[in-house]
Amino acid sequence: MKLGMVGLGKMGGNMAARLREKGHEVVGFDFDPEVRDVASLAELVQALEAPRIVWLMVPAGEPTLGAIAELSELLDAGDLIIEGGNSHYVQDRKNADGLKDRGIRYLDVGVSGGVWGRQNGYGIMVGGAAQDVERAKPVFDALTPDEGGGYVHAGGVGAGHFVKMVHNGIEYGMMQAFAEGFELMAAADIVDDVPGTFESWREGTVVRSWLLDLLSRALEEDPDLDGLRGYAQDSGEGRWTVQAAVDHAVPAPAITAALYARFASRQEDSPAMKVIAALRNQFGGHAVTRTTDDPARTPRS
Amino acid sequence: MKLGMVGLGKMGGNMAARLREKGHEVVGFDFDPEVRDVASLAELVQALEAPRIVWLMVPAGEPTLGAIAELSELLDAGDLIIEGGNSHYVQDRKNADGLKDRGIRYLDVGVSGGVWGRQNGYGIMVGGAAQDVERAKPVFDALTPDEGGGYVHAGGVGAGHFVKMVHNGIEYGMMQAFAEGFELMAAADIVDDVPGTFESWREGTVVRSWLLDLLSRALEEDPDLDGLRGYAQDSGEGRWTVQAAVDHAVPAPAITAALYARFASRQEDSPAMKVIAALRNQFGGHAVTRTTDDPARTPRS
Amino acid sequence: MKLGMVGLGKMGGNMAARLREKGHEVVGFDFDPEVRDVASLAELVQALEAPRIVWLMVPAGEPTLGAIAELSELLDAGDLIIEGGNSHYVQDRKNADGLKDRGIRYLDVGVSGGVWGRQNGYGIMVGGAAQDVERAKPVFDALTPDEGGGYVHAGGVGAGHFVKMVHNGIEYGMMQAFAEGFELMAAADIVDDVPGTFESWREGTVVRSWLLDLLSRALEEDPDLDGLRGYAQDSGEGRWTVQAAVDHAVPAPAITAALYARFASRQEDSPAMKVIAALRNQFGGHAVTRTTDDPARTPRS
Amino acid sequence: MKLGMVGLGKMGGNMAARLREKGHEVVGFDFDPEVRDVASLAELVQALEAPRIVWLMVPAGEPTLGAIAELSELLDAGDLIIEGGNSHYVQDRKNADGLKDRGIRYLDVGVSGGVWGRQNGYGIMVGGAAQDVERAKPVFDALTPDEGGGYVHAGGVGAGHFVKMVHNGIEYGMMQAFAEGFELMAAADIVDDVPGTFESWREGTVVRSWLLDLLSRALEEDPDLDGLRGYAQDSGEGRWTVQAAVDHAVPAPAITAALYARFASRQEDSPAMKVIAALRNQFGGHAVTRTTDDPARTPRS
């Protein structure tokens, strides 16, 4: 199968390579002249025959929206855009609606697997119409793991990115659970071998998981994690998960706790905790003095 | 009425003063010779006539337990110990049980009001048997606000400290709610007058409260709370509230969130967040290299 | 001062009445012919002299947006719309921007006080430009409590509804703190007099507040709250507070816990807890049998 | 190696069987005459030669404490008790201390793996002195998975049960994360194939794990989990984890959220939410009427 790939970075570049290894023909475009096959989206469209498939693998937001806008002018009715980046599921629906008049088809695909994907295959979560999914199925088959699995057509447009978002939200919660367990063991002065404990859990236990494998590797390299600061970014999809939970009246306390812990980790000092300190200070003897000075401000008793 | 007061610090000293102002006779003991009337618990007991009332206002834990042990040797059957400190409610029951054989009576009293209490009166929450409460009622009446209120006989031994503990747990939750609201206003770059907003809420709104009065005063003195670090101790009663909630299978997420926020505020760096950082690091390209070096450690795919 | 009031329900009607009592002239419009002075927005606009002030007190969303759209056609440059309902602060900015071309001014005002406001005065939180606020100041003065306070010009357009939103978020957290304390006391079988305990806290304690006053009244009427179901709606502003916190990377665990508790209270059964039950079930002996039947599905060990 | 096994239920019975398959000689005691080799602890002790090893696999609390007390009378100095049940780590230390005078050695062992363990091997987490661990090592080797791993000597007495407790706390958090993700997907009306989505995640994603395998199996059997009620017990170790976190000032919001969600799942109706409903009711018009009836109770304004 022949398709276009827009964005040849760490994700798009590896995916293009895997697709070629599996026998697909990929025409790649990127702003970096070193890695691209064509010099513009227009050339990319010309290099494909209708009905075309163009896979987008560029940063979410403006870059993705800009590429879609430009492609909407270049593509023909019946062509298919696959948005494989990290668009919000509501934006996917707007994208698809905007392309409808011109007859351009749209799929949204959540891609999991990171840098391991080229070798191991990717998790592929697809949203869109059945006939479009069918058309792109050979591409999905090439991307998913050789031993099968790792593929779902989750629903209509938006569903692919929605389930990828939920996947990442779950990931936040799982990571936080391990993190809390680590901190408790480190704090309690009871456990002599914390790395060995995590390592031992990799077999035979309920918590065995890929994240545990990764954590065990990290602790092997740095048993107390002394080389790291307790500082964690959030990717956006954790926020979206919480916001979707609030929108749908779904209690999501563990995932939200994980998100808030990351927020807090990035603060030099907590404004909220300043309020707590200020209030505790007001309870104290200092407050009495001030109140005597200004009786009108005396709190009600 | 004549009673003994053990512990004449910020709380006990003010309470003794208020009791005297209301016409009671107080014999005070403290380790500080400057403030005490008698030089030992033995002298204090001798200075009272049976049936005696001895009010303890000393730090929780060893000091309180030590005083009770010593008094159990000195007091007679029918005498009454009032534990007005911050004992845990389960410990109150052990204390009362331990005194039962000698016929010594026991009340536990939660006292609220801090440094404001001498002038405004104290909130008094009592646990114990009705006849003991009856006996000490004149003392409680002198301590509570002149305009009435501020008094409850909450239940049997332990109930006084239990409800005081819950009171403090609620206080944690309320403070945290204000703290989160402050931080959100400070972060959003929308509100030009944060102190004025809190001040305005003191009248006519749902959140009007003594804590809001205090917060408004604090912000009047230091509008951005720049003079404070976001660092908050916890008094022990917040922990007990959460542990009691867990013991009784009561979900207490807001109070617990307040407690955890204080824990986090005291950490230089978060061990848990180091785990998050380590895991995020493992996802990255660096990890691939290591795995190639040592395939046996490759995470399962 | 003469002004128009659109929406004469529980809030708008009482506000119009208070304004009239304070000497202002109010021309009221409502869909209910019984309560209105004029039969249409057009008539309302004609009944006022430029530069006009029209206060909107209609439900958020379509009703408010519709009224603004209609007024934008009827009003003249220099007229002022005061949106006193519950619009989202981001929508306020869109509203103000949409009116700018026509020279129509816009203030957003958060109003607190509910049914008590007509008698006690309202909490008024204003967002908008200083000259517009200045113009409407006599109206705000009439609405706020006679004894002063209850007023803030919080910032530019959107700031009024933003701080009202935060106020409601704080309210959520405070209510939840009291609710958890109540449940813990009810569960522990230690406290004989829960209503009396809350009543006693109304004086001399740290948690004294209007919400405590209300809770004490509710418990006086129904000591165990047996007449109520544990079911709580959320008004929308709690959700907005959490979403704003997420947008601004502010940890807000207590307010969020309060929101999630309301979500959970409305569920017949929890889908999330079905997952927990399912997983616990899978750990059990039943699972072994299935696995023996279908070895290919055996979880990795 | 020859050892005694006390408690031949689902766990102890399977462990005894696995030990025998690996060539160890097990003398088993149970209250059930059908499964036991000896009729009393005394007979069990007689059937072993000093220095003996007796493994306890009976319910936590009284049954375990009773067995230890009885064995302390029967065993000789140098004999070794291995407490493989679910004792609290603080209790382990008391147990070991109580046996010290008689020269009886003590190890605490957390055992993970449930009904799958006989076939797959168990996760074994040991606390105690190195020489005692060394002595029992052949037994541990027989219990852990054939392919290696699943074993840690975590620290001194108590450390085995401590890390098992933390393991279970982490398990709570991971399960809750999946549960929240499921509920969000079910609520959003976007995802057509929820079971297929979880199934797809089993390969190539960050969340792949044994728990996901189990959840996928459960959804294969019952795609909407309609056959289950959202009701979840907690085993005790989740509570202990939270209490240990509070004791050590470790924020554990995700694990705590998981515990509280289980608490809430078991409530017919939430007392806390009755308070929220009562307060919301007090805001309404009904409240005004009552206040008019009894002005003394009017909340402060």
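Think of it as A, B, C and D in the order they're written, each chain with its own count starting at 1.
The rule is short, and it goes like this: a contact is a pair of C-beta atoms (placed from the backbone, for glycine too) under 8 Å apart; a residue touches a chain by one contact, two chains touch by 3 or more.
Note that this is a predicted model, so its numbers are computed, not measured.
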Next on the checklist: Moving step by step between touching chains, how few steps can get you from chain A to chain C?
Outcome noted: 1
Checklist entry - Between chain D and chain B, is it the same set of residue numbers doing the touching on each side, over half shared, or a different set? => result same
Checklist entry - Which chain has its C-alpha centroid at the greatest distance from the C-alpha centroid of chain C? => result D
Item to check | Distance between the centres, which are taken as Cα means, of chain D and chain C, whole angstrom | outcome: 43
Item to check | Separation of chain B from chain C, taking each centre as the mean of its C-alpha atoms, in whole Å | outcome: 32
Item to check | chain D residues counted as touching two or more neighbouring chains | outcome: 114, 120-121, 145, 176, 178, 180, 183, 187, 203-204, 206, 208, 210-211, 249-253, 256-257, 260-261, 264, 270, 272, 283, 300-301
Checklist outcome for this item: Within their complex, chain B touches chain D through residues 203-204, 206, 208, 234, 239, 242-243, 246-247, 249-253, 256-257, 259-261, 263-264, 266, 270, 272, 283, 300-301
Item to check | Touch list for chain A against partner chain D, complex | outcome: 89, 112-114, 116-117, 120-125, 144-145, 147-156, 158-159, 162-163, 166-174, 176-178, 180-181, 183-185, 187-188, 190-193, 196-197, 199-212, 241, 244-245, 248-258, 260-261, 300
Checklist entry - Which bits of chain D are touching chain C when the two form their complex? => result 10, 114-116, 120-121, 145, 175-176, 178-180, 182-183, 186-187, 210-211, 213-215, 217-222, 225, 228-233, 253, 261-262, 264-265, 267, 269-285, 287-288, 290, 297, 299-301
